[in-house]
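Labels run A, B, C and D following the written order; every chain starts at residue 1.
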Amino acid sequence: MEVVDIHASCDHEFIAKVEEESEQKVRLCYQCGNCTAGCPYTFVYDIPVSQVMRLVQAGQKERLLSCKSIWLCATCESCTTRCPNEIDVARIMDVLRHMARREGYVAEKNVKKFWDTFLDSVEKHGRVFEMGLLATYVAKTGRFWTDMELGPKILPKGKLSFKPHEIQGKDKVAEIFKRFREMQQ
Amino acid sequence: MKIGVFVCHCGSNIGGTVDAARVAEASREFPDVVFTSDTMYACSEPGQDGIIQAIKDNQLDGVVVSSCTPRMHEPTFRRTVERAGLNRFMFEMANIREHVSWIGKDKEANTNKAIELTGIAVEKLRRDQPLFAKQFDINKRVLVIGGGVAGIQAALDCADGDREVVLVERESTIGGKMAKLDKTFPTVDCSSCILGPKMVDVAQHPKIQLYAMAEVEEIGGYVGNYEVKIRRKAPYVNWDLCTGCGLCMEKCPSKKSTDRFNEQVGSTTAINIPFPQAIPKKAVIDPKFCIKLTKGKCGICAKICPTKAIVFDQREEIISESVGAIVAATGYDLFDISKYGEYGGGRLPDVITGLQYERLLSASGPTGGHVKRPSDGKEPKTIVFVQCVGSRDKSVDRPYCSGFCCMYTAKQAILTKDHIPDSSSYVFYMDIRSPGKMYDEFTRRAMEEYGTQYVRGRVSMIYPQGDKLMVRGADTLMGTQVEVEADLVVLAAGAEAAVGAPQLAEKLRISYDKYGFFMESHPKLRPVETNTAGVYLAGSCQGPKDIPASVAQGSAAAAKVLALFAKDKLENDPMISLVDMKRCVGCGKCVRVCPFGAIKEIDVRGEPKAEVIETVCQGCGLCTATCPQGAIQLSHFTDNQILAEVNALCQL
Amino acid sequence: MPALAGKELRIVGFLCNWCSYGGADTAGVGRFSQPTDLRIIRVPCSGRINPLFVAKTLLSGADGVLVSGCHPRDCHYAEGNFYARRRLEVFKRFLPTMGIDPDRFEYTWVSASEGQRWQKVVTTFTEQIHKLGPAPRFGFAHEQNPATAAAC
Amino acid sequence: MSTYAYYPGCSGLGTSQEYESSTRAVCRALGVKLVDIPDWSCCGSTPAHTVDHLLSSALAARNLALAEDLDAAAVITPCPSCLTNLKVAVHRMSDREFRMQVNKLLDKPVDRSTPVKSVLQVLAEDVGPETVAEMLPHKPLAGLKVAPYYGCIMNRPPEVMQFDDHENPMAMDNLMAALGAEVLPFPLKVECCGASYGVARKDIVAKLSGKLLQAAEDLGAHAVVTACPLCQMNLDLRQGQASSAAGHKFQLPVFYYTQLIGLALGVPQSELGLSKLCVNPRLALDAMHAVQAEKREQEAKKEAAKQIHKAKAA
């Protein structure tokens, strides 16, 4: 196991940034583990959420931004709701994800691709085009649709439209994305 | 007038961020100041001797010490100047520690501020007058409020000190929480075996007057002379006649009454004696459940009672008592676990509080000491204990540690193994707090000898699965989520202030913290005194405390009462209001405003005038701020003095 | 002595001995750092405070006055703070007629245990006064501008 | 009753068509007036807030701005995911600074703070289970054992959602009880079903949804009732995947609560969309009818016995 020099490796700037963007004080966490206890996703996490909190306190940026957990958090709000110190843990998970994106870390590529494809669809049509979303996702991941067996279940129900639901204001929605990107620069 | 100014460094406490020498030097410029010096520790023996020497050498008429808060050392220095022959009121203090050096970082600003605060103290001192205390009689009886173990101890110690004691308990029996416990840590001796005899002593002590089912209604007066009104609720039984035979309980048909003593584990009869060792051992009817009192029918108990003690039309009564001192010992209550929806508190019958579990363990409890879970009466084999429920949790506004639940959880885990040898116990904890004599050894025994599994982490949710309870928690040391299927879950519900504690504090005119616990005068040096003279604290009404600490405080409070009663006369605080007869127009406004009834209207040659009863006045100054003529002035805080302070700050 | 030139304004506090003065002590014991402008005058009870003291203080050149007592119902003398509140509430409404910005005067409650609250009260009030700037000077109080006078 | 600005959400046009149509039908039947937000756009759902909170709020806020012109009592939506995004946007925009930032991204700025509610909240609070019960004295769903499942974000975090109990919500329970259904105390009401990981990580959904289905089955439920398109899809469409993961075949119909209310109120089949469900709803309805039939039979027997008794006595 790696020995961590807790003085030298603590990235204070990172801690400050997480605190600023999430508007949460990570020092309030006393490591009770309640968030981990309640998190339905612990079974797929590489770092349980209470340890994510601990690593933020210890300023371990690299380990955090490269972990899988931040991509697998479903924002179910269990941790936020039950944290005895009223820390919005889910929001910290979100913020870590934002940072990972900005700095080019993606530990769960398919999850990111799915979300990106979803937003592309919104940007393009104003609303999500479910069928198009699936098609693009399959194309992007280069994986054949893993849910193939669901096809016969859902297609006959006539629920998935083969045509996007375009809206009049779709340019306005696209504009939101555009302005957002400009603002980011 | 000749004034001396002494500026304290308090080691580096003041000296670190205030230039004490410069404060002393600058003070020389103030009017009437003839001597200044700076000293390392003003309150130390050489420090005080230095002051005395300077008074004598320079024939000083008054002294200013610039140091810590007057709430700490004003009495100390008053005694110092008295030893040098001055009147103790010819002394002022400037608070340059708590209000300056400890809160400001800028040394220059601090020094400037310290000089100014010293300046206003000098201006006030220039207008001080020697004041002399009056003596008054003291009523050497004591009121103890709350008959838990702390109140019992205080009452017995005072009574053994030959003082009359009035003990007021709101339940129908004394004993408090300790009476409900099975065994007690760290010795695991039976609670009622050690408390029972003390309770009997209370009942039999000729110096103790016990009022059970009673609460304090109103408190008037002041140290040495309190007037107390006590409201005694109606038990619907004439207690002079009731022998505690219990025949009525056997026959009462209303069997679904709330069983308060057993923490609502099961129910009881409408007429009830809470437990066999109750003191007083008298029956009480719960009017909410008595068929006679709710529907007019029944009356079986009245027929059966051999002494004809039942009185259905009994009314509550108000009793007056005069006492000289009061001990508050009203204890704590438990956090309401239903606030934790995720634990199913109050919803799932097999999720219970620690105190309920004590009743299940107790041989005199509703299950006769056989641990049976409430839902189906089965003996549980897997028991999960969850610590810090309603403690150390900001989200439910209980950030404090309840102090004793780590220990009682360990105790309950040990007792569980004794009761059910083939059981497994799990304790979810965040930290184990066991800082007492033999305490840590005790929790270690729970783990090492009794095989209790301690899991470091909080529990997030508890939900039923079949006839079991699924407990989902974390083991932070293992770094993972864990689950246990339990038969019974015991929540270590934290302690909170007793119901009604703030209201009682207001009647006693003592302070309480934001959670309702009573405030002591000083957290370290005056732990059982309050800021109201003659009112003392004992036990967990001041903050969660285990039995040893509660008993120690009961005795400490008794010692304070006995020390107070060792004097035959008390001296009043001479900082009282006085009326200037020439100015008073007899409007009576001050008479009406005084909260203590300390001003009476007198007749001076046919004209109404106000007069202050010196031993009654508490020195609040409300009258002074009210009088339209400026005729009534609070000594030591006169209008002139306060305005001189204002001027010193503003008009230079 | 004037307030420290350029750094401080003149703020005077009237605090009851039992609650707020104790709260200020608690803040000190807890080392809760605060701006240095405030000078505290200790009185037994907020009920002792005659509104005229506050008026006099403001007219004499103070830039702000803070009165603090026990929480309602928590008065050491039973009901002193109740009278204080009534008087000071009326007084505050009366301030504009005296040509004084009512924001220069605040009254509040802080108990002896509330060190942190005291820190907040002082910090906020001091900020508020700094926003208002030095009070306009009344001719009769003094000629000299305290802000330019040398420290002690 | 007031008029509400209605935000259907994207899935209502596709995978949750039956939720959409049954919601409209039930609202009509219960006198809840809906006015669609004209030209509404996607709220951004989960993907948006995983990218950035400002972008996420702006996508939601575009709709809030459009709704302002409708002058409605509240913006309401059937979908908890949309609800969360809209509510969080409103919540955060109470901070002026943040609102200004959001408005910078929008063509039409948000001026006021509009209340946002779920359709469930309106039905539970503004209509109320008592009203529903009064309309249905014959308790049409008697005998149907349901496990109400709220999903993780309908009530959480409580500071933002401000609706019902966040650990043990009861709104749907009470509505179902009003229809006469037997409501089971479902212990995992607010546990997560796997959310939107169905496509990228279906193993997660299979496991989490499997837990929920197992708990409902253990209670003896005839059906699960949901209020969320994603939950419904995970539990219904992906029930087979959950079964394979659990190594145990689940056969639990998963209704939208609006479908059951609609069924009880006699809303036409075309609007209920029961045929759009994957696990055959008949399984549950047949069980219900069986219970009802048995009960009728028992009552008839009792009645007969009484008659005989009377006759004998006479």
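Rule of thumb we're sticking to: a contact is a pair of C-beta atoms (placed from the backbone, for glycine too) under 8 Å apart; a residue touches a chain by one contact, two chains touch by 3 or more.
The structure displayed is predicted, hence computed values, not measured ones.
Engineer: If I rank A-B and B-C by number of C-beta contact pairs, which comes first?
Structural biologist: B-C
Engineer: If you average the CA atoms of subunit A and of subunit C, how many Å lie between those two points?
Structural biologist: Computed value for the inter-centroid distance: 50 Å.
Engineer: Averaging only over C-alpha atoms, locate the centres of subunit B and subunit C and give their separation in whole Å.
Structural biologist: Taking the mean C-alpha position of each chain, the two centres sit 31 Å apart.
Engineer: Find the geometric centre of each of subunit C and subunit D from their Cα atoms only, then give the gap between the two centres in Å, rounded to an integer.
Structural biologist: The mean C-alpha positions of subunit C and subunit D differ by 56 Å.
Engineer: Using the touch definition from the top, which residues of subunit A touch two or more other chains?
Structural biologist: 43, 78
Engineer: Counting only residues that touch at least 2 other chains, which ones in subunit C make the list?
Structural biologist: In subunit C, no residue touches at least two other chains, as defined above.
Engineer: Hey, what residues on subunit B touch two or more of the other chains?
Structural biologist: 342, 461
Engineer: Following the definition at the start, I'd like every touching pair of chains, please.
Structural biologist: Touching chain pairs, listed by label, are A-B, A-D, B-C, B-D.
Engineer: State the interface residues of subunit A toward subunit D in the complex, per the touch definition above.
Structural biologist: Per the touch definition, subunit A meets subunit D at residues 40-41, 43-44, 72, 74-78, 80-81, 88, 90, 94, 97-98, 101, 108, 110-111, 113-116, 118-119, 122, 126-128, 130-131, 134, 137, 146-147, 149-150, 153-154, 157-161, 165, 167-170, 172-173, 175-177, 179-180, 183.
Engineer: Flag every residue of subunit D that touches subunit B in the complex, lowest number first.
Structural biologist: 165-168, 185, 187-188, 215, 218
Engineer: Where on subunit A does subunit B make contact in their complex?
Structural biologist: It is residues 28, 30-39, 42-43, 48, 50-51, 78, 82-86 of subunit A that touch subunit B.
Engineer: In their complex, what parts of subunit C are in touch with subunit B?
Structural biologist: The contact residues of subunit C facing subunit B are 1-2, 4, 7-8, 10, 12, 17-19, 21-22, 24-25, 27-29, 31-36, 39-45, 47-50, 53, 56-57, 60-62, 70, 73-80, 83, 87, 111-114, 119, 141-142, 151-152.
Engineer: Subunit A touches which residues of subunit D in the complex?
Structural biologist: 10-11, 13-17, 39-42, 44-55, 58-59, 62, 104-107, 152-153, 156-158, 166, 190-192, 194-204, 207-208, 237-238, 240-241, 275-276, 278
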